[in-house]
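Down below is the structure, laid out as structure tokens.
Chain nomenclature is as follows: A, B, C, D, E and F, assigned in order of appearance, with residue numbering initiated at 1 for each chain independently.
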Amino acid sequence: MYHHVKELMYKVRVDTPDPKFGNMLLEQFGGANGELAAAMQYSIQGLNCDDPARKDMLMDIGTEELSHLEIVGALARMHLKPMKTSRKAAEADPLIAIAGGGGVGLSNSMGDAWTADYLKITGELDVDLRSNIAAEARAKIVYERLINFCEDPGTKDALQFLMTREITHMMAFTAALESMGKDRFTIGKIAPTAGLVDQYFNDSTGAGDRGVSDARGPWNEGGNWEYVQAPAFQEFKSEKQGTRTTDSLTTLADAVGEGNSVEQAETTRLGSARATGTKHAKIKKEN
Amino acid sequence: MYHHVKELMYKVRVDTPDPKFGNMLLEQFGGANGELAAAMQYSIQGLNCDDPARKDMLMDIGTEELSHLEIVGALARMHLKPMKTSRKAAEADPLIAIAGGGGVGLSNSMGDAWTADYLKITGELDVDLRSNIAAEARAKIVYERLINFCEDPGTKDALQFLMTREITHMMAFTAALESMGKDRFTIGKIAPTAGLVDQYFNDSTGAGDRGVSDARGPWNEGGNWEYVQAPAFQEFKSEKQGTRTTDSLTTLADAVGEGNSVEQAETTRLGSARATGTKHAKIKKEN
Amino acid sequence: MYHHVKELMYKVRVDTPDPKFGNMLLEQFGGANGELAAAMQYSIQGLNCDDPARKDMLMDIGTEELSHLEIVGALARMHLKPMKTSRKAAEADPLIAIAGGGGVGLSNSMGDAWTADYLKITGELDVDLRSNIAAEARAKIVYERLINFCEDPGTKDALQFLMTREITHMMAFTAALESMGKDRFTIGKIAPTAGLVDQYFNDSTGAGDRGVSDARGPWNEGGNWEYVQAPAFQEFKSEKQGTRTTDSLTTLADAVGEGNSVEQAETTRLGSARATGTKHAKIKKEN
Amino acid sequence: MYHHVKELMYKVRVDTPDPKFGNMLLEQFGGANGELAAAMQYSIQGLNCDDPARKDMLMDIGTEELSHLEIVGALARMHLKPMKTSRKAAEADPLIAIAGGGGVGLSNSMGDAWTADYLKITGELDVDLRSNIAAEARAKIVYERLINFCEDPGTKDALQFLMTREITHMMAFTAALESMGKDRFTIGKIAPTAGLVDQYFNDSTGAGDRGVSDARGPWNEGGNWEYVQAPAFQEFKSEKQGTRTTDSLTTLADAVGEGNSVEQAETTRLGSARATGTKHAKIKKEN
Amino acid sequence: MYHHVKELMYKVRVDTPDPKFGNMLLEQFGGANGELAAAMQYSIQGLNCDDPARKDMLMDIGTEELSHLEIVGALARMHLKPMKTSRKAAEADPLIAIAGGGGVGLSNSMGDAWTADYLKITGELDVDLRSNIAAEARAKIVYERLINFCEDPGTKDALQFLMTREITHMMAFTAALESMGKDRFTIGKIAPTAGLVDQYFNDSTGAGDRGVSDARGPWNEGGNWEYVQAPAFQEFKSEKQGTRTTDSLTTLADAVGEGNSVEQAETTRLGSARATGTKHAKIKKEN
Amino acid sequence: MYHHVKELMYKVRVDTPDPKFGNMLLEQFGGANGELAAAMQYSIQGLNCDDPARKDMLMDIGTEELSHLEIVGALARMHLKPMKTSRKAAEADPLIAIAGGGGVGLSNSMGDAWTADYLKITGELDVDLRSNIAAEARAKIVYERLINFCEDPGTKDALQFLMTREITHMMAFTAALESMGKDRFTIGKIAPTAGLVDQYFNDSTGAGDRGVSDARGPWNEGGNWEYVQAPAFQEFKSEKQGTRTTDSLTTLADAVGEGNSVEQAETTRLGSARATGTKHAKIKKEN
């Protein structure tokens, strides 16, 4: 059951209304990473949740986001107000001006109506918490960008408040996830296929615009990682498991980033052709 | 630049077509957490990425997801084929049967057209990686549910392959995020407001359906957490920062979960009324 | 600022879960006339409202609808629960079963994601109140249909509660509108064009499937109404005002429903051809 | 069956094309309250209608709206024409300029494609008529805003014509509804629950931004109204009916808007804390 | 200006209502290739059209499609009528049954609201005519599928009428396009780049599921076609024009479909590896 | 299976970033006729295709479009980059600037998320090819408009490349369709109704804005065409077939475009009233 108190969670103050900025603010009102999205994602997850402690947390934060929605709406409304009478201001968002009479609506900065397609609700608690951590990170960066494009001190204060709370929630969701005590890569109950799960597929080869060729890092080397070069051109090791041969990987990987003789280029078309300076190894070997 | 090889990344086999299951499979074809969503999310993030190494990774995995899209499409098509001629089968998804001629389309199991609203792309690399970790967790659990509702062994094998790869990607994205060396709660450049960031707002009070009252856990106690009881009914500590008083918190928190005398109930209306057994403290004090 | 109490506004009880009915219930959860639509429409209108008394009312009712959303969600969840494990049940709504794990989501009974396109918010208070009266009437009839298709007594009780509240709100919105003291056909400030405003255009002529020809009633006769027959075939009386001649109207109107001589039919092609029994007056005059 | 006459229902004239205004006009072409929405809402309602007289009216007005769609389209096209060749003009709506070649399309002023989600069609005649009355009120105010932002006399004339017709339709729908002879708060056949239907829930308490506390008016006092204070904190009077106690209402209501002693504040936390000047009553009683 | 005659363009008769078929019929009512889509596409194109003769044709056919919409709606309504009272029937489309009261709405067979995203309107007459020819072909095949799944003779007759008219329109649009006297591959005014326009890129190589390798046909051989093998692995012939070398094409093409020695396989990895039986040529040449 | 090479198919160069143009470019990235739409339409058609040769072609071209998507994305990103830091630039597309951090997203120039509703996939090969020919024509004209609004030479070169390829594909799809050897107006297997198929319905009559009355051309005269005047006002020739009388056609047709005596006007109200100069024939005959 909900109760509303006729006071904002943070007192907003706008010295100089800026309709174009008010329009930008709508990203956090009716936008994909905005406060309604947050409120609904957590509250509906909470409704579905069977873990009473984390359900309580989801309702706490979901409810707080409703209060945030109100703050953003109040801020945006103050910035959009000139649209009521100024044709020039109205051009910043004709949907708000003409259809909405200068008030806020549940749309984003480009007039797209809010949609539940923005939400990530799976009914699997640890999965939902991961979605929430990511959602809070997105909301944080969006507030930061708004602050960077804002010139009104009162608005900046309110945005700083809202931005801070996203980090609070991110910390809470993280603690809630970690306290579940699950292995970080165990999702659900069915185990992934051993072997296959450790194969990294190098599906994008050659050297990129920035002159960098195939990159290696902890996401594809070390630990149990097997590096499979260009699986589109590799044979199956086990058809049933879907694993692929990795024999040629080393060679191809070696080739990336170093000059190759023409003969080496033969063997490394996919990975290094562009890095060799000869650009494209000839497809037909001349001999 | 893309190249296509006319072979599936995993050889699919369907012994008994099951149109209703084929329809369910569309969740992973044109659904919110499906393969097109994954392919587009990572590939577009990659296109926008300024870190060449992780850009390469995003393109590797984004490309792999395109190959997965093809696998799911091939599987679904085999299951949906009876819709071409059987009226009964056609009823499982009339959009596919009547408009699509029994072939797959980019919609989900309820016929909703795929939309880019499903995607989470912020242009902030570490934020995007968090979105991807969550996306892979979602995709994994969806494949698990499909496996649980599937009776065809060949289909189960293919789904096991696809499900496994989601864990692979989850590991890769996690390693890529962690190797960036950023503090886990530092997003962007603007710091959150000290003090406020550690306040946990108890916005949902009383005892829930399952007889559990306000829950405490590492997400709201210990560490630096300050527990603010029902901020809708609290005063500001600092209006400028948006922090709230927490004086009464302990009392309210104490009350939750333990019997209270009537007088204590007076002081704890929000948090514990329902837990006390007296249900609602009387609003007007009798004296 | 919002506060949530962990108790439902109406205690729900479901004796026999019925997944297909649970799916129907989603119309009132994430559907076009459902509780989220109501909560958002009134709350956002309230946020935009400059009349403090009616703003308070909008927030009262908007908040109540949030509590209703929770009730419907709890009910639907109980009915949908079998989808978690039963393949047969899952077929009633694969989106819920596969992507949502058997929990509720913000979609309607056909899986369409909730969208703010459902909302009617104009920022003109009396107009918004009219939209709300209509919205409550729609919600009422939808609950009635759900009750009619429901066999579970506990569910019926809860729906009766929710349905009743829609009438309460309809009464409140009506009183709020009428107490504004505005003329019922005065919207905004610019007056309609005299004369033109009283012209009823008979744009659909002939006799319908049910054997009824052009109908007259208080919506086009009596009072100030001028009845303009088939304006597509009439001349302008005033081009500037857009009014049209009505001279021939009587004749045409007379003709509808009575036999006409061939000569009369000549003059009444539009209105009465089908009513005359000769069906179509010949286009070419026989003489 | 439809027939089209190659003449506009109102002759449009544009002296000075204004692409940004042309873009605003699209609200009434492909927007939520625009002419296609009106045409479709009434025509489809008409198709479904079993009352032959009001069905005829729905078809009359639905058809007229199609003619209005044509007028708005012709007007908008004249204003948008500069987009065909001017890059500057094209920036007012790149979708129209680049994808549409400077012609009109079925989207609104922010480029959102028209969607049937805008429509309100329930198949319950009196409910549909209420939706139509509200729809006409919305369309009227939107035309008024367009007129206010328009500087071209010819365009203003056409908009005045269209605006006037909305009032005509509003009068017709109202007469059609009232002539059905139904009680104004009787929708469908199932009666609301007596007692509960007269309870007004004060779900939003405290004093708002404008210094106004809980408002009373004909929508919650007088007649049969029972005023239930903050139901989230009240007990059930009848659990089966969902009615709530109202005993404390008077006290709380009294408290709102008048100064209270600290002791009174104790008893009125929800309703009046902010109105008392002490802002928040301390949660822990000092004694 | 539009006029409506209260008679259907084709008299519909339904002997045995079939709610599931009624639901399928909605594809042609509110679906992507349905009658509203056709009516709107042609009418809006007509509104934008500067060629008076073809504009007239667009309005003729656009108006006819409105009459078809009415026929499909009447048919569907007859089939859906059992949803008004039968719970079993209601399950075929709960949106129609619960929200629509058993009447038709502008959605497709899976409940998706009609959207103008279905439309193809470019404001370039010959382009629009091509879109219309394709649209009619799609509508024709959809009607054929409906006929194939329909058991009611009266319904089949009506569908045969509607299906026939699509071919009529297809012929008309084709004649209108051809009589414009434009070269069939000349669109707009800017000429394509010579040379590049004749290069066919073989971007998908290997042998497919059905044992067929790279296919040649009039779409990539003969005439001016140059066949570029796997451009992702080819060098530019002219970077400025974007043309690519085609030297190796013949060799690769030859390789497709015939056994190759290991050495040949070396040269044909892309095109023929899978066709050779050795599956994947080893990336590293053994010598 | 897909493979990605880290090089663009066409090397892009942008000398002067133009954020507003970058925004326009999004039409071809995430817009209705853009590269993702093309890639998905052809690739999914290919997945469903049973004709191995044309399936190969669909995969070739579908894959090429993915490479085009990458080019457009790279171009747009360069133009949009100023949005990262400039508030002024950000106003060109706040969704990109605020939510996307200045990177590209799968939306169009007005911020609408890409949707599969743009796609035309029927599973009937020749129908799909027609849809593709039209799609390529649309894409071509969109590129031409972008070139016309572009001032950056490097960007123009890239657009010329992309535009050229659309013509290439149009030629390929046309050849593929024609080589199927089907009659051009034979779609599917059920023949249209003879007689009816040749009736052209003149549903739009009178003289249009440009002073042109009913137009005749190869789309409604010559060959087998029967010209049915205003079927809304004609009788059935065969009710079962839906054919209509055409007796009066000639007369009406004659009337169009020539002065008529008053008596003739009597007979030709629909077709020629406006052409006669008397504007509207009087409905009531004077005698």
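Note that a contact is a pair of C-beta atoms (placed from the backbone, for glycine too) under 8 Å apart; a residue touches a chain by one contact, two chains touch by 3 or more.
Keep in mind that this is a model prediction, so the values were computed, not measured.
Enquirer: Of all the other chains, whose mean CA position lies farthest from chain E?
Expert: D
Enquirer: Interface check for copies chain B and chain F. Shared numbers divided by all numbers used: above half gives same, below half gives different; which is it?
Expert: same
Enquirer: Tell me which has more C-beta contacts between its two chains, C-D or D-F.
Expert: C-D
Enquirer: Find the chain most remote from chain C, comparing centres computed as mean CA coordinates.
Expert: With centres defined by C-alpha atoms, farthest from chain C sits A.
Enquirer: From the options A-C, B-F or C-E, choose the one that repeats interface B-E, i.e. more than half of its residue-numbered contact pairs are shared.
Expert: Checked against B-E: the matching pair is C-E.
Enquirer: Provide the C-alpha centroid distance between chain A and chain E, rounded to the nearest whole angstrom.
Expert: Those two chain centres are 34 Å apart.
Enquirer: Please tell me the distance, in whole Å, between the geometric centres of chain E and chain F computed from their C-alpha atoms.
Expert: Chain centres of chain E and chain F, defined by C-alpha means, are spaced 11 Å apart.
Enquirer: Per the centroid of Cα atoms for each chain, what is the distance between chain A and chain D, given in Å?
Expert: Inter-chain centre distance comes to 35 Å.
Enquirer: For chain E, which residues are shared contacts with two or more other chains?
Expert: Residues 1-9, 32-33, 56, 59-60, 62-64, 67, 74, 99, 101, 107, 110-113, 115, 117, 122, 124, 141-142, 203-204, 208, 231-233, 270 of chain E touch two or more partner chains.
Enquirer: Spell out the residues on chain D that touch chain C in their complex, using ranges where they run on.
Expert: 3, 5, 7, 9-11, 32-33, 52-57, 59-64, 67, 115, 117-118, 120, 122, 124, 126-127, 130-131, 133-134, 137-138, 140-142, 144, 147, 157, 160-161, 163-165, 167-168, 170-176, 178-179, 184-185, 187-190, 192-193, 196-204, 208, 210, 212, 214-220, 231-233, 239-242
Enquirer: Over in the complex, which chain A residues touch chain F? Could you list them?
Expert: 20, 23-24, 27, 31-33, 108-112, 141-142, 145-146, 149, 203-209, 213, 230-233, 270, 274
Enquirer: What does chain A use to touch chain D in their complex?
Expert: 1-8, 74, 87, 90-91, 93-95, 97-99, 101, 107, 110-113
Enquirer: What does chain D use to touch chain E in their complex?
Expert: 1-9, 30, 36, 40, 44, 47-48, 56, 59-60, 62-64, 66-67, 70, 73-74, 77, 99-107, 113-117, 119, 121-124
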